Amino acid sequence: MEGVHPMVMQRLLETNLEQTTGYGSDGYCEHARQLIRHSLGDDSLDVHFLVGGTQTNSTVIDAILCRNEAVLSAETGHINVHEAGAVEGWGHKIITLPSHSGKISAIELKSLIDSFYSDDTYTHMVPPGMLYISYPTEYGTLYSKSELEQIHSVCKDAGIPLFIDGARLGYGLTSDSCDISIAELPKLCDVFYIGGTKVGLLFGECVVARKGLLKNFFPQTVKRHGALLAKGRLLGVQFETLFTPQENGQPLYLEISRHAVSLAMELKKGFIEHGYRPFIDSPTNQQFFVLPNSVIEHLREHASFENWGAPGKEESQVRFVTSWATRPEDVKELLDLL
Amino acid sequence: MEGVHPMVMQRLLETNLEQTTGYGSDGYCEHARQLIRHSLGDDSLDVHFLVGGTQTNSTVIDAILCRNEAVLSAETGHINVHEAGAVEGWGHKIITLPSHSGKISAIELKSLIDSFYSDDTYTHMVPPGMLYISYPTEYGTLYSKSELEQIHSVCKDAGIPLFIDGARLGYGLTSDSCDISIAELPKLCDVFYIGGTKVGLLFGECVVARKGLLKNFFPQTVKRHGALLAKGRLLGVQFETLFTPQENGQPLYLEISRHAVSLAMELKKGFIEHGYRPFIDSPTNQQFFVLPNSVIEHLREHASFENWGAPGKEESQVRFVTSWATRPEDVKELLDLL
Amino acid sequence: MEGVHPMVMQRLLETNLEQTTGYGSDGYCEHARQLIRHSLGDDSLDVHFLVGGTQTNSTVIDAILCRNEAVLSAETGHINVHEAGAVEGWGHKIITLPSHSGKISAIELKSLIDSFYSDDTYTHMVPPGMLYISYPTEYGTLYSKSELEQIHSVCKDAGIPLFIDGARLGYGLTSDSCDISIAELPKLCDVFYIGGTKVGLLFGECVVARKGLLKNFFPQTVKRHGALLAKGRLLGVQFETLFTPQENGQPLYLEISRHAVSLAMELKKGFIEHGYRPFIDSPTNQQFFVLPNSVIEHLREHASFENWGAPGKEESQVRFVTSWATRPEDVKELLDLL
Amino acid sequence: MEGVHPMVMQRLLETNLEQTTGYGSDGYCEHARQLIRHSLGDDSLDVHFLVGGTQTNSTVIDAILCRNEAVLSAETGHINVHEAGAVEGWGHKIITLPSHSGKISAIELKSLIDSFYSDDTYTHMVPPGMLYISYPTEYGTLYSKSELEQIHSVCKDAGIPLFIDGARLGYGLTSDSCDISIAELPKLCDVFYIGGTKVGLLFGECVVARKGLLKNFFPQTVKRHGALLAKGRLLGVQFETLFTPQENGQPLYLEISRHAVSLAMELKKGFIEHGYRPFIDSPTNQQFFVLPNSVIEHLREHASFENWGAPGKEESQVRFVTSWATRPEDVKELLDLL
């Protein structure tokens, strides 16, 4: 991974010796919040900046759930697999739903909730208190607008908020398979975050919630989770740059995301042309292939990518990830190695 | 449910106005611990008395796990389904294994543990810290001795303790399908408990652990969990009675358990003879049938039993439970209603 | 300590083989709730039965506080000193107030709350979410009605509930120094409990809350804390007996409490007559004296009492406790030993 | 507050587009760890980088304590006052010691520990599991070497680790009143951290522990606390710069700290010369004065400083803080305003 997008670095440099107040109370944060609300077309939204993804997930979930409630998640959800038990560390159960290439189904969700309340022993069980999904998912897949509407509708009927983990949000919104715009997102859920760490920033995740959802003690929850950045303006300066409209009227955030997705599509096409099989059909910046172990070994000498799960005997599952910083020649070079 | 076995009530009555010290430091508790160690054939065992099952599970698990570790459990395990999130409330994740009529498989267990450590991202995951199984399971089924040995062997190789929830232990040990004796149990796991609440007592669960497993701060853990009974001798008097050998040399605990299992077998035979299908083939005191809703309604006027999961449209799953207090005529009467 | 008051034992015996539903849904619990509401003169009160004191404190506090809030307590409060960190175990901070022989001051309470919100950095601090006091206190002392009114008034102004730990409630209400009746208690606080473990029962604490305070998920909180007694009717039968009016129209609870307090007063008078100094002037069933270590050693051969804090070189602080079961001759015998 | 020291910014800029692995496994982190071990004169030390102070405190404390143990702290300790209950959020009690201008006393510490174990009821209490102190303290004061040795000696006798919060470490080590060197620190405690956020960095705290203290699951604890920075090399690059020896052989960290302390001394001298009273005699970069409210109002128009506690009627306590970025002319300007 690289550091930060050069335009953001430039702004950090320019503002470095300015004096501001701390903890997010400065003008940069305020301006960034305005730009983001503007991009989302809703001035009433509640906007907060945090540092990292696991931290954001555990803070938002802990702020929303009552002590007794569980968060629902696909069994492949990041909070269930790769956050070292942060959600449970704060006392909350994760109830899992089947994962369909990383996605949950509105029907299975409704069925789980209905079963809960028709069970005689439900006072011995943990009531669903919110739903967590990721967009794109951990497998690079995307919900359609209609799927999101159905899921949100089940949540509303059950009175539980829908939380979307957008650690890779840009790479979803700029996929050819995406049928929603960023401005539609606040209507399709109750709270989500715009991932910056994976999309051009040094670090930073921007939580967007419908007004009133994150109760008035949210700042204390953030502090309690060790998630309050002392020099909060670093988040403001970074997100301000990401959400300042470029010449074409689009925020930098979407521009650089589109670049990564486009290279991922080339990479995918190349692998398929060389006869390799994607085990997930991802339309975003993560690409998943089954490769012979010998090929994996060969590629590892030149490129960095991950095993996905435990390796197999003859062939293994691997994941390639492009980013705002990937260059066309990097993809070409990799494909040439095949 | 009834209260307590009459012989136990008699002893509570006889000892009621005696003065003893509190919190389990009295002579009755000490004597009960000796009787239990004697029944188990091992004087080195660590024996503690607690009040209820959920409390015992969450206290033992919290005492054994490091903050960062997870407890493994069948997805149908009581701790995962019916304890209102107590384990997570104390900060611990439950990682689930597939349930085969309530039982886990040693092979799937081994595979889960192996995968964990061969995963490159395991420092982002929750390491398995102990295994929880129940005997009998929540579905009335039993592990064979050989299955327990295999499971324990996987645990030992992985360096994680095996904990057996024995809330209904007596009803397992006295089943015709059981191929282990109570004295073999301490060798087949690291810690287990002898359930009293469901087997003849007002309340009470007896935790038995190999020496050294429950660290020296266990008493503080018990207190911290609100699980320390002030008049601890009530547990001592009750378990003393249960584990005093009867004329036939057997503890009362096993005698009254055998009675319940034998009536459960009659009940099962009767249902099957009437053409009803058990959806789990349970050799212990819980019996599970699929019955037409009309039959269920009819039986409910005379008997108390539970729906198992959400009811179906035409027929539903139900659970019948016998106990030390069930009378042969109760079973006969129920079968006559069919 | 003895077991249970003989009239309660008698009822347990009579009802032992009856069959009822579990978990407090039976008729005995319901009748006991009615009797208690009747004694308190308010049919709208929410009444729940739990097993022990630490359990009750940690369950009620966890049910009322938001994750981010602290409970305020005298630094000598039971929850702060003698509950093995149960409150913190569930994630809540205890903020301490100075203890004046076990009591807090309304003025110091108000000052603490006022300071909190006038502090610029309060988003980095834990907001007060409820107040915990005990009646009688851990030092046997009592708040006057006027003191309780002032404290409650500060709480109401701050929007935080007042919780009274009544583990020894009866021994307070029947003291000559007490200027409130049991029926006034629900108006002087938001939630309290009527201690049974220390006042005549095998075990049992009865939580009384103003309607709506304990949110609808309270039963799940109780289960989650391992505090749900399977054979819940044992609590119903016991409290029913305690709150059935006797010939004089008074509930047994108060009658047996008065007995203990009256003997404590004799004990206190006797110690003072023998020239020993109470280090706390307690009007209830706990009595605190400074005694020469030689006297302590002598008394220990015949009586059971506790050191209060670490022993001194020449003399030490000790605590004597009378109960419903103490006999006049016991007190006389102790005093004769002096 | 400003951003980051220009030399650090320069390095971030130079390395920005390099590709490295994430999560602290890169070469910059490794090199920074080496430089820090070298500065401390002990190659066996365990070195970890985290993002912020509250996060570091709660992660280290949670990693060291058993579930049942408490951390001891001055009642004015940052973890007890200004971290929004993070330590309790992870289940741990803080037991407080009296604060003497922010410092604890070895004698009072020993007395607290001794009392604990001589108390008959200690199994109902929370055992001390570690000690937390800050250097400099929250009041800018410093422990002498001899005081640290005495405190550490009490800890060692009690078998509990001593943890030093060094959020402002540099400003302590470079004070004229300091009688220890950075290389002596690892011998005077068991774990400490070198604060970067307040001493020249964008963010970053460097935890240094004696080998073996932070158990092997520390990386999972960090992740679980949401404290694992994805682009970990940002911490490596920053600390590498701070600990690269300058021309005079000293790390930049100490040079820039000395600058801040020296300006703080000028500021203090100036206030005293103008007749104002420091309410704490701090030899480090924080300075505390009692000022008339009219003066405070006047200064606020030109300078940024904090009320310390709730304001008084006529005069209030305020805190001034200098940093690596404060300029001599800033101090002069402030004093001129007096």
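Should a chain be cited, it is by its letter among A, B, C and D, assigned in written order, with residues numbered from 1 in that chain.
Definition applied: a residue touches a chain if its C-beta (ideal position, glycine included) is under 8 Å from a C-beta of that chain, and two chains touch if they have at least 3 such contacts.
Worth saying up front: this structure is predicted, and the values here are computed from it rather than measured.
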More contacts between chains, A-B or B-C: B-C
Centroid comparison with subunit D (C-alpha atoms), farthest chain: B
Rounded Å distance between subunit A and subunit C, as computed from the means of their C-alpha atoms: 49
Centre distance in Å when subunit A and subunit B are each reduced to the mean of their C-alpha atoms: 42
Inter-centroid spacing, subunit C versus subunit B (mean Cα positions, whole Å): 33
For subunit B, residues that touch 2 or more chains besides their own: 67-68, 83-85, 89-91, 123-126, 220-221, 223-224, 228
Residues on subunit C engaged by subunit D in the complex (per definition of touch): 67-68, 70, 81-85, 88-94, 96, 114-115, 118-121, 123-126, 306-307, 309-311
Of all residues in subunit B, those that touch subunit D in their complex: 62-63, 66-69, 90-91, 123-127, 215, 217, 219-221, 223-224, 228
Residue numbers on subunit D that touch subunit A, as the complex places them: 1-4, 6, 9, 12-13, 15-22, 51-56, 58-59, 83-86, 89-90, 197-198, 202-203, 220-221, 223-231, 233-234, 304, 325
